[in-house]
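Report on one structure; see the data block that follows.
Note that the chains take the letters A, B, C and D in the order they are written out, and that residue 1 is the start of every chain.
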Amino acid sequence: SEIVPNYRLDGHVTIVTGGSGGLAHTLCQALVAQGSELALVDLTVERLSVVENDLKEFVRVNKLAPVTISTWACDVSDSVQVEELVRAIPREHQGLLPDKLVHTAGYCQNIPATDYPATRAEHLVKVNLMGSLYICQAMTRQLLEKTKRRKSISTMANSAAEALPRFPNASYVLIASMSGMIVNTPQPQVAYNMSKAGVLHLVKSLACEWARYGIRVNAISPGYIATPLTKQVIGASPEGAALQYEWTSRVPMGRMAEPKEFVGAMLYLLSSHASSYTTGENLVVDGGYTNW
Amino acid sequence: SEIVPNYRLDGHVTIVTGGSGGLAHTLCQALVAQGSELALVDLTVERLSVVENDLKEFVRVNKLAPVTISTWACDVSDSVQVEELVRAIPREHQGLLPDKLVHTAGYCQNIPATDYPATRAEHLVKVNLMGSLYICQAMTRQLLEKTKRRKSISTMANSAAEALPRFPNASYVLIASMSGMIVNTPQPQVAYNMSKAGVLHLVKSLACEWARYGIRVNAISPGYIATPLTKQVIGASPEGAALQYEWTSRVPMGRMAEPKEFVGAMLYLLSSHASSYTTGENLVVDGGYTNW
Amino acid sequence: SEIVPNYRLDGHVTIVTGGSGGLAHTLCQALVAQGSELALVDLTVERLSVVENDLKEFVRVNKLAPVTISTWACDVSDSVQVEELVRAIPREHQGLLPDKLVHTAGYCQNIPATDYPATRAEHLVKVNLMGSLYICQAMTRQLLEKTKRRKSISTMANSAAEALPRFPNASYVLIASMSGMIVNTPQPQVAYNMSKAGVLHLVKSLACEWARYGIRVNAISPGYIATPLTKQVIGASPEGAALQYEWTSRVPMGRMAEPKEFVGAMLYLLSSHASSYTTGENLVVDGGYTNW
Amino acid sequence: SEIVPNYRLDGHVTIVTGGSGGLAHTLCQALVAQGSELALVDLTVERLSVVENDLKEFVRVNKLAPVTISTWACDVSDSVQVEELVRAIPREHQGLLPDKLVHTAGYCQNIPATDYPATRAEHLVKVNLMGSLYICQAMTRQLLEKTKRRKSISTMANSAAEALPRFPNASYVLIASMSGMIVNTPQPQVAYNMSKAGVLHLVKSLACEWARYGIRVNAISPGYIATPLTKQVIGASPEGAALQYEWTSRVPMGRMAEPKEFVGAMLYLLSSHASSYTTGENLVVDGGYTNW
């Protein structure tokens, strides 16, 4: 029945940045399962090849329909690289313009504010915040430029003579963080926090500007995730264990998240059927952390 | 594949309050399509029978598996009625305890604050805010009382000797409103606004208290919805049309929502697979309204 | 110099509800020091007489100019009583209409949501939330009704022929709570939390409706305050001490507030000189609690 | 009487960045009226000399006690310059370490997101967001380094053997913007919006980190201000007038702010007497804009 949203992504190319990261790895499995072609982006292609192979094995084991997967080295904080990246992707995907984005590229750093070197704070902001802007800009620019503007004269009184192009399937999902809403404790991470708050408001700003094109832009704000990386940190020492205890004691659900617990939020936001009236939203998935 | 969330609700009884309302009508179609049994609740059963018949016709036309649907008259602002309602429902559903809730019962009223009669403001708050508390309380109480507490001695150091019962499938979705976040204009509706802000924080409070039982509590905040009712108001007069113009000019997406645009948010939150780490959250579906 | 705001309140009657409470007691000292006449309101006048005497002694000791202080028994949850109260106050203040409000009446209750009796939750909401509405309504109604509407024809194109009355000195300050923004832990207090969230949004709604009259409405959200009452609870038992430890460990400043630490926020909001462009605002004074 | 906060700033050096800007000009008058010494900072000293002379004239006309005013050229986006600036200031102020900050340096830019050149967005973020971090870092570092750590052994059980230095008078006020909370319309300004959201969360992060030193960090979020600059833009053309109409129609108070309407908020936050329990707070002064 039409009433239940369609979460399938067949015929779309989803750009996944930070593609070899802990969260992305899991999200990509859901994307291929839903039939999306993937353009995986990370700083280097080496680890992306591992991800690509894993995904192909995942497709095989689960008897899924194979999808085209391309891998790309790109530093998202470099706007020129990002622009070139987005222009190049259609070539590996039969000319399909990517109109779905899952932007996970980013990193955290724990340095007390009094000691934080300017160059490090700047780099973090450039990757986490500016990188989020660049990838969205590049995608929308390409959609706009490669789409022949319809020449129909609008009938509405005060609208522009030339109708605006519409991309009702375009949906960008940016992984922000609850750190953009609250201040984590005890670890100091001022640059990360402010970068993620910036991402949350970037999302709202782009959502408002691009609503006219039918492009939706939303964020997901995870709480603490038990990725392979964090599991390793926590398991490595008594300090790691103490940190985990402090973290989980601040979560009403009493535990960290598993990466797969973000798939539902991602599919909701990516699906233009499920979330057609949702834009500029920050979907928080934090086990209740920000409520306390 | 396991990675894509399961949005099916087979074997669950979902209580839908305000069952004959404009929003609920559509949401119920999605619920039966997902296999959920329904306990429809409204002030009177007469209009619920119409809904029930519509849903049965919907099942037939779409060749869906039939589900048990029960209808109940109950004023949600009366805690005694609500308690009795929830206790009675299992009898019509083979003893199944309802553990899914879609609470839409509520109403809006446009009265300037200087003129607002106390009795009317009180009634609205009693229905919208207190009613939201009562239905959640009654459901959780029943789950707790009808579940034999496991007598296992916990092995964890500082946990209680008696393990807490867990209901990882329990998910309550309360329809709040963007009116609980921003103040609508131009129509004055102070009592509605404060009642919905109360609902949003009720949701956070219950989410925190009941995380220990695995029960998740979340809100959906709609923007303006074009229900049959609002369509009629807007279509009836030039003032209605002017109001609609004023409303939609404040929505980045430039239009009101259709009821079916909330199905995706509802299914995401109801599915314990899709939103297992999401609690106390306010999922805003407003076409971007609150961003401006 | 004109540039520094004038925080004096001479010639104004400030209504202080919850006048015999721990917070109000201190705030009243600042009000009389600033020259405001006081209409003290509480459930009973007995304890208010003590406050009144204390304030007179305070005036004497500090060699302040004496101000008229009246005391009133009124249950703020009873709209009829509140209406009568506000109408009666000018009689004890040489006909002066009260146009400043410091609304502290309210109470908290710690009951798990599963056990919360409906009558108790309703009473709390009626006092904390409805009472906040009633006192504001009564004050504005009196200002509007007792003010001769100026008959001047406005010169602006699309304004109403009859100019609206303006009360640029009217300022209502409602004591909400950080509990309207976050969920306290470990103590369960769902009704209080939702009532205070309601107050915060009531404030925004009234601010928007009454901006046309020049009336400003704002909230103060305190964190934990060490009032005589809380000091007693905390000092009485090891459990009290443990609770205090848990509370203060969640405050970046590491301590509870003293009542006098809210005087600055109150004077800022009450002074029509200091906060002339501030309305609908929630001034948080919480030692940083809500940031974590 | 002690109960009324003291807003005097005698014996303090307040750093005012963006010192020759429209808002700062007015705020500085209040600062000298309150007895604060001033270290005025802007891109060039030329216009600061004008401000300095104006302030001296202001002091003379209002028969205020003269205060030391120093002027400094510094690009706040350059961390090295900022560090040197803060180290140099005490030399012009009898060795006094600046412990009050009013940070207004920043700028806005209206460019559609699709056209926004990366270099311009980066520069804006560097000035508005990174500059806010650098000035706070430099001030705190200087306070910490130039203060002999007290060698007293703390008596409290679980505190560090060496007590932390405390600066209970240190108060940093950062001018953010309502643009960090909502998305302005109709003008596009994505980089500004995200930079100011970043500032708001920077403030919360630093407030949490430095609460241990007694340093408070807060923001003021102005709505639209009628500075000389904006007045000129608005007055210059029909488009300017149309923009002003669109802006003020979205403000419940129906008008833009005057610069002097931020003095009360600034003094409240600067005064360690008035706002001793307020940190990480965002004091919104917007005529109610963000409520709608």
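Rule of thumb we're sticking to: contacts are C-beta pairs under 8 Å (C-beta built on N, C-alpha and C of every residue); 3 or more make two chains touch, one makes a residue touch a chain.
Note that this is a predicted model, so its numbers are computed, not measured.
Peer 1: Contact counts by the stated rule: is the higher one at A-B or B-D?
Peer 2: Higher contact count goes to A-B.
Peer 1: From the centre of chain B, which chain's CA centre is farthest?
Peer 2: Relative to chain B, the chain with the farthest C-alpha centre is D.
Peer 1: Round to the nearest whole Å and give the separation of the Cα centres of chain B and chain D.
Peer 2: 44
Peer 1: Rounded to a whole Å, what is the gap between the Cα centroids of chain A and chain D?
Peer 2: Between these chains, centre-to-centre, one finds 33 Å.
Peer 1: With centres defined as the mean C-alpha position, give me the chain A-chain B separation in Å.
Peer 2: 29
Peer 1: What positions in chain A touch 2 or more of the other chains?
Peer 2: 182-183, 185, 204-205, 207-208, 252, 280, 291-292
Peer 1: So with touch defined the way it is at the top, what topology do the chains form here? Options are line, ring, star, complete, other.
Peer 2: Topology of the interface graph: complete, with all chain pairs in contact.
Peer 1: Which bits of chain A are touching chain C when the two form their complex?
Peer 2: 182-185, 250, 252, 291-292
Peer 1: Touching chain D in the complex: which residues of chain C?
Peer 2: 1, 3-5, 7, 26, 29-30, 33-34, 58, 62, 64, 204-205, 207-208, 211-212, 223, 252-254, 257-258, 260-265, 267-268, 271, 273-281, 283-288, 290-292
Peer 1: Okay, in this complex, where on chain B does chain C touch?
Peer 2: 79-80, 112-114, 116, 118, 121-122, 125-126, 129-130, 133-134, 136-137, 140-141, 144, 180, 182-183, 185, 188-191, 193-202, 204-210, 280
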